[in-house]
Structure formats: C-alpha cells, structure tokens
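These are the structures in question, set out in turn.
You will see chain A twice below: alongside chain B first, and alongside chain C after that.
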Partner chain A sequence: MAEYDADVIVVGSGVIGGLAAYTLAKAGKSVIILEAGPRVPRWKTVERFRNLYDISDYNAPYPDLDYAPRQGSNDYLQHTGPIRYGAGFLKLVGGTTWHWGGATWRLLPSDMKLKSSFGVGRDFPLSYEDLERFYIEAEKEIGVNGNSQMDESGANGKPFPPRSEPYPMEAQNFNYMNAKMKEMLDANGYWTIQEPNCRASRPYAERPTCVGNNNCMPICPIGSQYSGDRHVTRAEKLGAKLIPEAVVYKLDKGAGGKITAVHYMTPTGESHQLTAKIFVMAAHALETPKILLMSEVANSSDQVGRNLMDHLGFNLVMTSKDELWPGSGPVQQNAILNDRDGAHRSHFASLKHQVGNEAANLAATQYLLGQGVLQPELDDRIRSMSARWMNFNTNLEQLPDPVNRIKLSAKKDKLGLPKPDVYYSVTDYETRTRDKVINETYPTFQKIFGGEIIKIVSDWQPQDHQIGTCIMGDNAKDSVVDKDCRSWDHSNLFIMGTQTMPASAAVNPTLTGAALTLRATHGMASEV
Partner chain B sequence: MVFPMKTMIGGFAAGLLFALPAMSQDQDQVARGKYVATAADCVACHTAPGGKPFAGGLPFKTPMGTIYAPNITPDPATGIGNWTDAQFLRALHDGIGANGERLYPAFPYTAFAGISDEDALAVKAYLFSLPPSVQKNHENEMQFPYNIRFLMSFWNILNFKNSGSQSVAQQADLARGAYLADALGHCAECHSPRNLTMGVDSSKYLGGGAVDGWTAFNLSSSKGEGLGGWTTAELAQYLKTGNVAGKAQAAGPMAEVVENSTSHLSDDDLNALATFIKAVPEQAASGPDRFSFGGHPTDITGYRADAGQHASEGEQLFVAACATCHMLSGSGVKDGAYPSLFHNSVTGASNPDNLVMAVLHGVERRGSINDASMPAFEDEFDDRQVASLVNYVKDMFGNPQGKVDAAEVHRLRLNQLAPSPIDTLMKVGGGIAAAVVIIALAAFFWFRRRSTSASPQPL
Partner chain C sequence: MATQKVGAEDRSAISRRAFLSVAMAASFLAGTQNLFAQQQTGSETPVSADDLHALSIAVIGKTADDRPLSDAFHKAFGEANPSFLLRASALSAQMKAAGLTTPAAFSASPLAKDPVLHATAIGLTAAWYLGHVAHDDHDDHGGGQVVAYEKALMWAPTADVTVIPSYSRGAPNYWAEQTAQIEAHSKAP
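And then the complex of A and B:
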C-alpha cells in the first residue's frame, strides 16, 4: 500500500480544479479530486431548465442540496456588510462554469501593476510577461475564440496586450445587433470590440460549433461552450479519481508546517480522511477561505478571507430607435472598453460596458405589463420593444480592501459546518466612477441610439465574479500565497483560482485564474 | 486490371500539365503523386493521431497481436529514404518489403497491385519530396505463429487476385472509375464481405462489410440496403462533401475517407468513381431503401408535454440531448448542418451499429465545404441509455427493425473484436495447420482496428 492516498488531492472540480487535476494527471501524477456536489450530465440540466416555471433564474436548473448549497440557497450565505453580496456559485462536478457568459479576457500589463502604475490597489507579484505563455496554454485548453487584431485596452490602437500566438479559434462573427451597434458606436468614438469567449467558433476538441441557441446561461444545450467538467473528464481518462458528494471541512497540519490530510463528509455526515504529498485548494473564493479558516491553516497573515472583490455592476436599460433584434447568437459578444485603461485609474475605476444579447421577449413583456399595457396592443408592443431592447451593463473594477471578507458564521449548515459570513462594501473610488458613468456616459449612449430610457439601475449588482480572499503577493505578512500559488505557511499547500488575484480589473477573471493555475501546476509537478 | 491503363493515365497527366504549365517534369510528377496518394488515402493509416504525416505509428489491434503502420517519409534510417523504385513497386504490387519479407495484408497490396507503375512512382516522388521524419518503426507485437511472415505467401495464393470488379471494369467508359475504386480507393477492403479464408469475397463485390465497429454499407446497386435508389450525382456529392440531405451523411471511418481523400478528387474523377459504383451489380435482395424510412411528424406538441415524467427513457434522452440540434420533429435544420433523422440511411438501416457508434463517438468531418461535428455521448450515457435512445430513434424516425440491447452497445463501446473463426479452428481441430494459420493471418485484415480511434483526443 502506498504511503499516501495520492500524489495530489485537488479540492474542487470547477474549471480551476479540473485544469489542475488534468495537468497533474498528464504529468503522470496520481490525483484525487474532491467535489462537494454531485455529478449531473448536461442532458439532465437541459431538461430541468426546460421544465422550469421561471426560466429567468440561472441557478434554478442546478442542484441545491442541504449538504452542498448553491447560490440563492435559502439562508446559506450570511450578510453582515452594507451591501448584500449575492455571490454566484454552483456546487456540482464542473462548478459554476456550467452557466457563464463564457468571457475569457486577459488582463492588461497595467491591471497587474495597479499600485505601481496608478498608486491604488495592489500589484501582482508577477508580470504580464511572466503569465503570457500560460495565457496561451489556458486559451488552448479552454478553447477560446477571439480577434487577435483587437486593441483590448479599448483605445482603438494596435493589437494589445501582446500575444505570442493568435487565439486558438477565429472570432465568432457578430450578429446583426452587434454589427449594427458597432457601426453606430464606432462613429461616436466608442470602440466596440469582440469579446474573447470559450464558445467553439469551429469544432474544437469535444465541442461542436456554437449555433446561437442564446442559452449560454443557464446551460449551453449542445455543449459548445466550455464548462469545467470537460477537464475533470479528461483528468479521469488519464487516471485521476473523482469523488463527488465529498464536502471537505478540514485540513490537518503536521510536522514542518506541512499539510498531512484532508477530511470530508458524505451527504449523510460520515467522515473520511485522505492523505497526499500536495494539496490544492480550488473551491473558489467563498469555500476555500471557509475551509482554511475552519482548519486554522495558511492564515499567519490574517488575510485569509479578506480582500473580497467582484465586478460591481450597474446598468442602463433603454430602447433604440431602430430595430436591432437582440437574441440571435450567444448571450454576449461585445465590449466597449474606452475607459478600461489610462491615467484616470488613479481616481476612477477601470470599466467595461457591454450590451447584452439575451432575447428580450421576457423583459419587454414584464415591463409592458407593469405599465398596464393590455391587449389588443400588447402583442404588437412586445414585438416592437423586443426588437429594440438594449441592456447596457457596466462592470467596474473594485479595489482590494481587507474589510471585505469571508468569516465563519456562528450559524451551522446541515452537516454542522459553519456557514460563510460575508461583509461587503464599496469605497468612494467605485461610487464616484459609477456616478460619472450614469451622468455622462449613459446619456451619450441614449443619444447615439435615439431611443427611450426605460430604467437606470444604480444599485450595486456584483457580477458573480468572486475575486480575492486568498490573494497572492511577494510578502508573507500581507498575502496568503506567493506568485506560484503556494501558501506562505505550508509548503505543500496550493491555493488556486481567481481568489488568488490581488486585483480585479474590469474584465471577467476566469482566464487569469486558469493561467495562474497552469503556471503553478507546471511548477509543482516537478515536486512530486 | 484489363482496361487500357496507359492511355488513360497519359490523358490524366496531360491534363495536369495543361493545368500547371510552369511546373517542371519533376514537379509535375510530385503533384501527380500527391493526388494519387490522396486518392489512395495513404495518410489515413500511415499517420498516428497527432503525429507527423506519413511517419507511421498507427496501431492496428488484432486478436493475434498488434501491427504498427511504418514510417514512409524519406528518412533513410527510419523511413523509406533508401528504397529503390523497384523496391517501392514490389511493396505496392506484390506485398513484399524492402528486405524481401512478406507484408501483412493490413497494407492493401491486393488492391494497390492495380496501381500503374507511373502512378506508383509518382507517389514515391511525392513522398520523397516531403520532409523526412525521424521516427523509428514500432515493432509489431504478433503472437506465434502469426509472426511468421512467409506464411503470407500461402494466404496470397488463396486471396491475392484481381478483385470482383473486372466484369464491370471491362467497359472502357468505367475504367477510370474502376481504377479509382479498386486500385487507389481500395473501397472493397471495407465494403465487401470476407470469404471463408477472410480474404475479400469477390463474388459479393461491394456487398457490404465492417470496419472498426462501423458497418461499411452495401455499395452495390441493390435497392434497399445498397445504392440502387441513389443518383450518380448524389453519390458524387456524398464523396465530395460527406452529406446528401435526405439520404446520408458520412461518419466514422467514412468521414475520414471523405475528409482525407474523396473531397480532394477532381469533379471528373468523382463523377467517374460514382458512375462506376452505380454500375456495380446488385448484391442483395431488394427492399425498401434505407433512406426511405420515416417522415416529418404531423404533430410534435405531445413530445414536450410528455417529456417530463411519462416519457420512456429513450424519449427523455432524445428530447434532452438530441432535439436541440436535430429538432423535436427529427427534421434537422434546413442548411443540413444538422441532418434529418428520417430519410436517413443510418436510422433506416436494419443494422443499428452505425447509429450506436454515432451516439457513442460522435461525428467529426472537416472539410473546405462544411464541417460536421456531433458530440460524443460515451461519457454521458451508459450502455442501457444508448440502447434506449437508439431504439427510440429507430422507432420514431427510421427502420423499427433491428433493435439493439445494452450488451451489444457495450461491445461496440469497447470495440471488442468479434470471436475469430480461426481461433475456434485452432482449438477444435488443430489440423491443417498451415491453412489455418494462413486464414488467421488474413484475419488481421478483417479484424484490423485502429485502437487509437476509440476515444477523442483532447487538445
């Protein structure tokens, strides 16, 4: 019998855990993956979605179990801060990338050097150049399509940030709405670019070409869009062992500061223990710090759970004068990044605007009924409004702030484990940026499209992009892991995913989490 | 072959010269060799998945051991860089290797014997124009006595003769098509049944066979199981694109043939090939055409309402996993990107194997004209679910005859080799040893399997 149950145990089977397990299994390591939730095949989720009463809740088709609660689960997350943090997460094999817009942006070099470039926030302990070849690898693994000629800094300049290889797939064509919109926005100096994303623009690995079911959230019905279960399955084919319905609750510390074992419970509360040479925590930004805090490990800096960030969202809903026909193609394709980068970041947050491409029938109908519009004109009004509906969603970079944090609540879940307690707030930096957008940018958008404003939602809407809580740094005193994702306190404990990012930028963080993970796993593969 | 080969080849070469006037004679020979090698689909067997083209390494699993395709790049040490013209011709025409050893008939020299010297040497010139790949040949892993190569000479006596198309090929207007089908395309290797000694049964020429778990359908002019209901133009379109709406779509090994080989043929050659195949005499009793089964349902409203609790497992799976692309009605989509499940030669076949294989392994067919991609469901469905789904699809849209059960799905999933009659003979009789061994060796050919094709290769 071997001395250890595995070379490496990975906690979490989402995109990050899957990629880590796959890379390590490919390097010949024995790997066990622990996942709190169950395994659910795509077809079951598709069918559950179709039979829902309310299809607007993207979490509803997914399991919500008393031993593995998901987003929206009654009374799981405890909120103690001024802003209710509606964090998005699913618990099943494959994780939350079962439902996402699929955006796979890189950071800009300046995003990773916020403090030294603009005097705010924090710097990454590594540079864009250090990460570039792992971005390439992550784009290939995840299967990303994009336009390699774009200036992703939003300044309509040369291709940026620098890339050593083009996107693995050519960019998907814009649909009519996006093409028309680009024409109108570009004419006014708002540069509309193609959002890189993980839908297949041609057959890619096991995935067929995206044909625009417009259902990326809550479930791509044909599996064209990448989801984390892909790498879990690939890891299993290379010999990794997946244990679903295994709720990890404790890591044991041993001699020399090493982690020696992981404990998990089954749905009925039966406890098991596994040993390994190396442990990888990839349970996302809420559960990872929760487990570390429960185990009293990795926290000599007192930074575990702190610096929770998200993309603070707010939006403008309006109609356009002309028909734009949202709803054909994938749910999001464009981005307006004029204010993503520049000297203004010392006082104003980096921004990403995006016009959603969800079919607008439901939203238009709800609005019209709310206005008291009835038959006989209702049908015509729905048709007219659905064809002109525009939802400008703005994401804003939140700075890391240690007060925004995950703690252990005194309340317990079904297995007797503490629930996560979230304190969440914003500062003037974010608020003044939002106000400027609402007062200056949104009226311009309205003028360009010549329609009517339906509503401006200024309440903060976190975008389910949890970032931080176990941030990386170059000082053990004020960060949880080093640039290799290794715990400062335990040499065989690695924490991976977007929770290690010390800055949120304004763009979706998954690809950066994946690139950091691949960089770390290649480094650690030589240690076991 | 008994048709006037040299005249025809001369005409072909002249056409190429006309098309490519700036090329030197050598370049012309290389270009012609590339075309001939494409028509013979050399790359399919001589390239490992993800490997360098023509560098070999693709394993062929057989009940008697594993054979590995050799490196045919011009590397002198590990490839064929030192081969003379005579050696190359002897390998293609006689099944004899550079050192005089007998080749196993997994290499279809019985077909390539019909390739003209000019074309064969053009292929050699083309291969020698490619960059050499240094890749040592993998040793074959054959059990005794199957590792005794000279025994192949006995098998040759029984099976090495020109194939059954002679009567058709004697018509001069079919000569080019026969050459493409028999000498280059070696269609009969998969699409003809095997005789008792496991050679191609020339009396049932193109009457249907099998490869890698897939049925290679009857290509003769039989109505029903064959191509009697097809027009020549449809057949040419199929070979060019892999897709004829309302009839058939290429998947599995045939998708590879279309992708690597037939989609690159000239329209004249495609027409010649299709015309020849259409002239092949019928090989089975007539019945309803495979593509004639099923039709657009008149009312599909019941499906969705039903799908929740009351539906059968097959219906539930169909609605949840298939209908997004193939539609609830099974009609597919208008541009043919997702084919119709009725009027479809696979759902209309009485043999369910290809439908099972498409569900398990998906469909991959790349091309300049269209890409086809259906996901594999081998990781998502268990054997029973695949059987339920396939039987439902056959009932709803295709030929209700020929149901499948979980055990058969399991066999196809693992691509388990069917029991070899040769093994039985060896065990039971122990007699006529030489003949038995010869037959066994021939079985490589029949049971050959590219083991690497069983699972999709992640990038």
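And then the complex of A and C:
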C-alpha cells in the first residue's frame, strides 16, 4: 500500500486550486482536489438564470447548500464590525469565477512596495520583476486579452507596467459607448484604458470567441469567458482526482511541524481522512483562515484571519445627455485610472473608476415604474433612459489592518462547523479618498457627460474581492506565509490565492493570486 | 413555475452593481402596497382570465396581446398575489364602463388620476415588463413568481441595438460596428 493517498492534496477547486492542481499534475505528481460544493454543468446555470425572479442577483443561479453555503446564504457570515462585509463567493466545482467580471489586471511595481514607496500599508516580500514571468504564464493559462500598448498606470505615458511578452490575445474592440466615452474623457484629460480580461477574442483553449451576450456576470452561456472549472478539468485529464461535496474542516499536525492529514465531511456529516506529502489551501480568503483556525495550525504569528481587505466601492449613477448605449457587447470594457498611482498615495488611496456596460433595461424600467410612468409613454422612456444610463463604479484600495479579520463564531452550520465571524472597518485613509471622489471627481464626470444624477451611492460596498487573511511577508512574526506561499510554521503547508496578498491595490486581484500560485507550485513540484 | 423567496441576508448581499435598481423598485412597490393597504377598493370577485387579457391590452397596448402569457400572469397573480386580481377587476370594470380600450385613452382619463387605479395599472404593467409577479405581502425584494424572461416587455424598446442578456446577436464584434446605426437614429427628430 502506498505510504500516502497522494503527493499533494489541494483544498478548493476554484481558479487557484485548479491552477495549482493542473501545474502539479503536469509535473507528474499525484493530486487529489477536495471541493466543498457539487459539480454543476454550465447549461443548468444558464437555465436557472433565465428562470430567476431577480435576474440582477448574481448569486441566485448558483447552489446554496446547507453543507456548503455561498454568498448571500441566510445567516452564514456573522458581521461584528461597523461595516457589513458582503463577501462574494460561490461553492461549487470551479469556484467563484463562474460569475466574475473577468478583469485580469497586473499590479504595478509600486502596488507591491506600498510601505517603501509611500510610507503606508505593507510591502510584498517580492518585487514586480520577480513575478513578471509568472504573470505571463497566468495570462496564458487563464487566456487573457488586452492592449499591450496601454499605460495601465493611468498616466497616459509609455506602455506600463513592463511586460516581457504581449497579451496572449488581442484586445476586444470597444462598443459605441466605450469609444464615445473615451473621446469625451480624453478631451478632458481622463485616460480611458481597455481593461484586460479573460473573454476569448479568438478561439482559445477550447473556448469559443465571445459573441457579446452581455451576461458575463452571472454566467457566460457559451463559456467564452474563463472560469475556474477549466483547469480542474484539465488537471483531471492529467490524472488528478477530484472529490466534490467534500467539506474540509481539519488539518493534523505531526512530527517536525509537518501537516500529516486532512479531514473532510460529506453532506451527511460522514468524516474521512486523507494523507499527502504536501497540502495546498486554496479555499479563498474566508474559508482558508477558518479551516486553519479550526485546526490551530499556521498561526504562531497570530495573523491568520487578519488583514482582511477588499476594494471599497461606491457609485455615481446618472444619465448622459447623449445616447451612449450601454448593453451591447461584454459587461465591462473600460477603466479610468488617473488616480491609480503617484505620490498622493501617501495620503489618498489608489483608485479605479469604471463605467459598467450591462444592459440598463431592468434598472431603467424599475426606475420609471417607480416614477409612475405608464404606456404609451413607457416604451420610449425605457429606450431613452437605457441608452443614456451610466453607472460609474469606483474601487478604492484598502490598506491592510490587523483589526479587520475572520474569527470563528460560536454559531454553527449544519455540519456543526463554526460560521465565519467577520469584523470589518475602514480608516481615515479610505474615507478621505471617498469624500474627495464624491466632491470633486464625480461632479467632473457629470459635467463631461451632461445629463442628470440619479443617485450617488456613498455607503461602503465591498466589491467581492476578498484579499488578505493569510498574508505573505519576510518575517515569520508578522505574516502567515513566505514569498513562496509556504507556511512559516509547517514546511509542507502552502496557502495560495489572493488571501496571501499583503496589499490590495485598486485593481481586481485574481491574476496576481494566480501568478503567485504558479510561482509557488513550480518551486513546490521539485520538492515532492 | 416555483415560487422564489429571497432570504434576509440576500437583501443586503444583493450584487453590488445591481443593488441600485433593486432598491428603487422596492420603494415603488412598497408605496403601492401601502396604498392598497389603506384603501381596500378592490372588487369582490377576481378578474377573469378573459378580462385580464383585455385589461392588459387596454393598459399596455398591442404588445400585451399574448393570450398564453396573459393566462400565465393570471395564474401567477392568483397564486402569489390573489388580492391583485380583485383590484384588477375593479379597474377592468371602470375602464369598460368608461369605454377606455387604449393606453392613451386611459392616461388621458380621470381614472388615471385615481391613486389606487393608477397603482393597479402600474402593478399590471410591472408584471408584464419585468416578467414576474411579486408576493402581495412583500416588496419586490421579497420574491414572487417568475412568468417570463425573453418575453418580458422591458427588452423590446432597445432590441435593435442591445441583446437580451444571455442571448446572442450572432456575430463576434457586432458591438463595435453599431456607430452608423446608433448615430442615424439618435439624430432623427
């Protein structure tokens, strides 16, 4: 009988777990993937979406199970801080990227050196240069399209950050709204960047070319947009074994500080144990620290669960004077990054603004009905308002703060496991930045596009980008893992994903989580 | 189709970009419910399927001349919000008595100024445009019954330019080739 059940056990089958499992299986390792949720085929999710009461609820088409609760599950997350943390996560094979927006940004070199560049936050224990070739690999694996000529720092200068190879796919073209917006914003010194994203602009790795169904969130009906199940399937084809409906709840410690086994429960509460040489935790930023805390492992620094970050979001919703026509093509294409980088970051947070391109019919119709508008006027008013709807969404970089954390609640879920208790708050740094945007930037946007403000949403809305909770650093005393994603306390335990990032930047984090994962798995493969 | 309920946590965790439209719908529907609660001016018998079909055409226009869909709304109201059928019956009777058979005629009539009759017309229009019927004891956040997706009337007014989300216009890059079409009609008087 083999000494171990597998060379490597990966916990979580999202994009991060999938990439880790695939890379290790490709390197000839035996791999088991444990996934809390079930496997659901794409067509079923599309059918569920088209039969929803509220089509604007991105979570609703996905399973919400008492043994594997997802975002929005009644009374699962326990909120104890001043701000409600509306975290976005799904539990099924493939994870949360089933309904992501597909934005795949790199960090800037300065994003990774916040403390040494601006005196705030923390530095990554590695540099942009250390990560660059893994960004290239992550972009190829995930299948990213983008414009290699853009200055993604938002300063309208040379292409930046430096790249050793162009994007694997050419950028998708802008629709009418984005092209018009670019003209109008450029004329006012706001630079519109084409957002790099993982929709296929040509046939790519079994994915068809995007045909603009405008439904990337909550489900791309044709699988043009990348989702995490892709690499899980690829890993399985290379011999990895996936066990769905396996809720991991405990890691065992053995001699020499090594992790020896993982325990999981089936939906009926039956417990199983598996052994491996190496364990990879890829259950994202809420569930990974929960499992570590339940197991009392990896926490000699007392940092497990701490430094929870997200992008803090707020919105300007308005109508433009002219018809711009959001709603044709993919759901998001642009970004305005003038305030992404610069010396101001010592005092003000980095920012990303974006105008959504989701079809506005639902929002416009609800608004007009709310105003009491009936036929024969209603159809014309829906057309006019939908064609002019502008939803500016701003994402703000949050600094790492150890008080923001996941703990174990005394309340238990159906399997008897503690629910996550989330304490979440913001500091003056974030508040002062938001106030500046609302008082200075939003009025400028309104002036550029004319029209009327419908609403400014200024209460904090975390943007479903969980970051931190198991951060990396170069000191075992104040971080959970080293730059190779290895636990300081257990040499065969690796933690992967956005939860290891010690800074959030203002851009969507998953590509960076993927690049850190690929860097770590290549190193790890030579150890088994 | 199964009745869908939305849990308490869902209301606050509703997706970040959608939250605004949902919040606005809620306030209008809550207002309508308050009005209904204060003034129980419905008829004693629910509107018949025939009359709901005719009423839908009179309030919304020819786009609501779809008998199977009208019957589906009738059934959904009966299950999710039966008291609405009483109010619809009152509106139907008064419109018939006044000889109002088109949206223009209704809007121009004194009936459209009556808050309860107007709210009833909005409730019927909301069902056809959003494709669902809300529970009577809830606002729009409380869930209800789904009747239509593609056939919800909110999509048609923009159908020449945009897609019904999740359906395709057929060709990659169509969205980058709409300038002439858009500029032609937005310049039209």
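Just so we're on the same page, the second predicted complex is superposed on the first by the 528 of 528 C-alpha atoms of A that agree within 3 Å, B and C clash if a C-alpha of one lies under 4 Å from a C-alpha of the other, contacts with A are read in each partner's own complex, and residues count from 1 in each chain.
Assume a contact is a pair of C-beta atoms (placed from the backbone, for glycine too) under 8 Å apart; a residue touches a chain by one contact, two chains touch by 3 or more.
Everything numeric here is computed off the predicted structure, so don't read it as measured data.
Engineer: Quick one: classify A:N213 as touching chain B (first), chain C (second), both or neither.
Structural biologist: Touch status of A:N213: both partners.
Engineer: Does chain B (first) or chain C (second) touch A:P221, or do both, or does neither?
Structural biologist: Both partners, chain B and chain C.
Engineer: Once chain A of both complexes is superposed, is A:E141 in touch with chain B (first), chain C (second), both, or neither?
Structural biologist: A:E141: touches chain B, not chain C.
Engineer: Please name the chain, chain B or chain C, that touches the greater number of residues in chain A.
Structural biologist: C
Engineer: Of the two partner chains, chain B (first) and chain C (second), which one does A:G72 touch, if any: first, second, both, or neither?
Structural biologist: Touch status of A:G72: second partner only.
Engineer: Pick one for A:G313: touches chain B only (first), chain C only (second), both, or neither.
Structural biologist: After superposition on chain A, A:G313 lies in contact with chain C alone.
Engineer: So in the superposed three-chain picture, is A:Y423 touching just chain B, just chain C, both, or none of them (first/second/both/neither)?
Structural biologist: Touch partners of A:Y423: none, neither chain B nor chain C.
Engineer: Applying the touch criterion given at the start, work out whether A:Q463 contacts chain B, chain C, both or neither, answering first, second, both or neither.
Structural biologist: second
Engineer: Identify the partner contact of A:N361: answer first if only chain B is touched, second if only chain C is, both if each is, neither if none is.
Structural biologist: Touch partner of A:N361: chain C, not chain B.
Engineer: Is A:K44 touching anything from chain B or chain C once the two structures are fitted on A? First, second, both or neither.
Structural biologist: Touch status of A:K44: first partner only.
Engineer: Share the list of chain A residues that count as touching for chain B in one structure and for chain C in the other.
Structural biologist: Residues common to the chain A contacts of chain C and of chain B are 46, 50-51, 209, 211, 213, 221-222, listed in rising order.
Engineer: Flag every residue of chain A that touches chain C in the complex, lowest number first.
Structural biologist: Its residues touching chain C are 46, 49-60, 71-77, 84, 86, 88, 172-176, 179, 201, 209-215, 217-219, 221-222, 313, 315, 317, 322-323, 325, 327-330, 356, 358-359, 361-367, 369-372, 374-380, 382-383, 386-387, 391, 393, 454-455, 457, 461-464.
Engineer: Considering the complex alone, what residue numbers of chain B touch chain A?
Structural biologist: Interface residues on chain B, with respect to chain A: 304, 307-308, 316-317, 319-321, 324-325, 337, 362, 364, 366, 371-376, 379-381, 455-456, 458-459.
Engineer: Quick check: in the complex, which residue numbers of chain C touch chain A?
Structural biologist: Checking each residue of chain C against chain A gives 1, 4, 6-10, 12-22, 24-25, 27-28, 59-61, 63, 102-104, 106-107, 112, 118, 121-122, 125-126, 129-130, 132, 140, 143-146, 149-150, 154-158, 161-176, 178-179, 182, 186.
Engineer: Of all residues in chain A, which touch chain B in the complex?
Structural biologist: Interface residues on chain A, with respect to chain B: 41-44, 46-47, 50-51, 140-141, 143, 202-209, 211, 213, 221-223, 233-234, 237.
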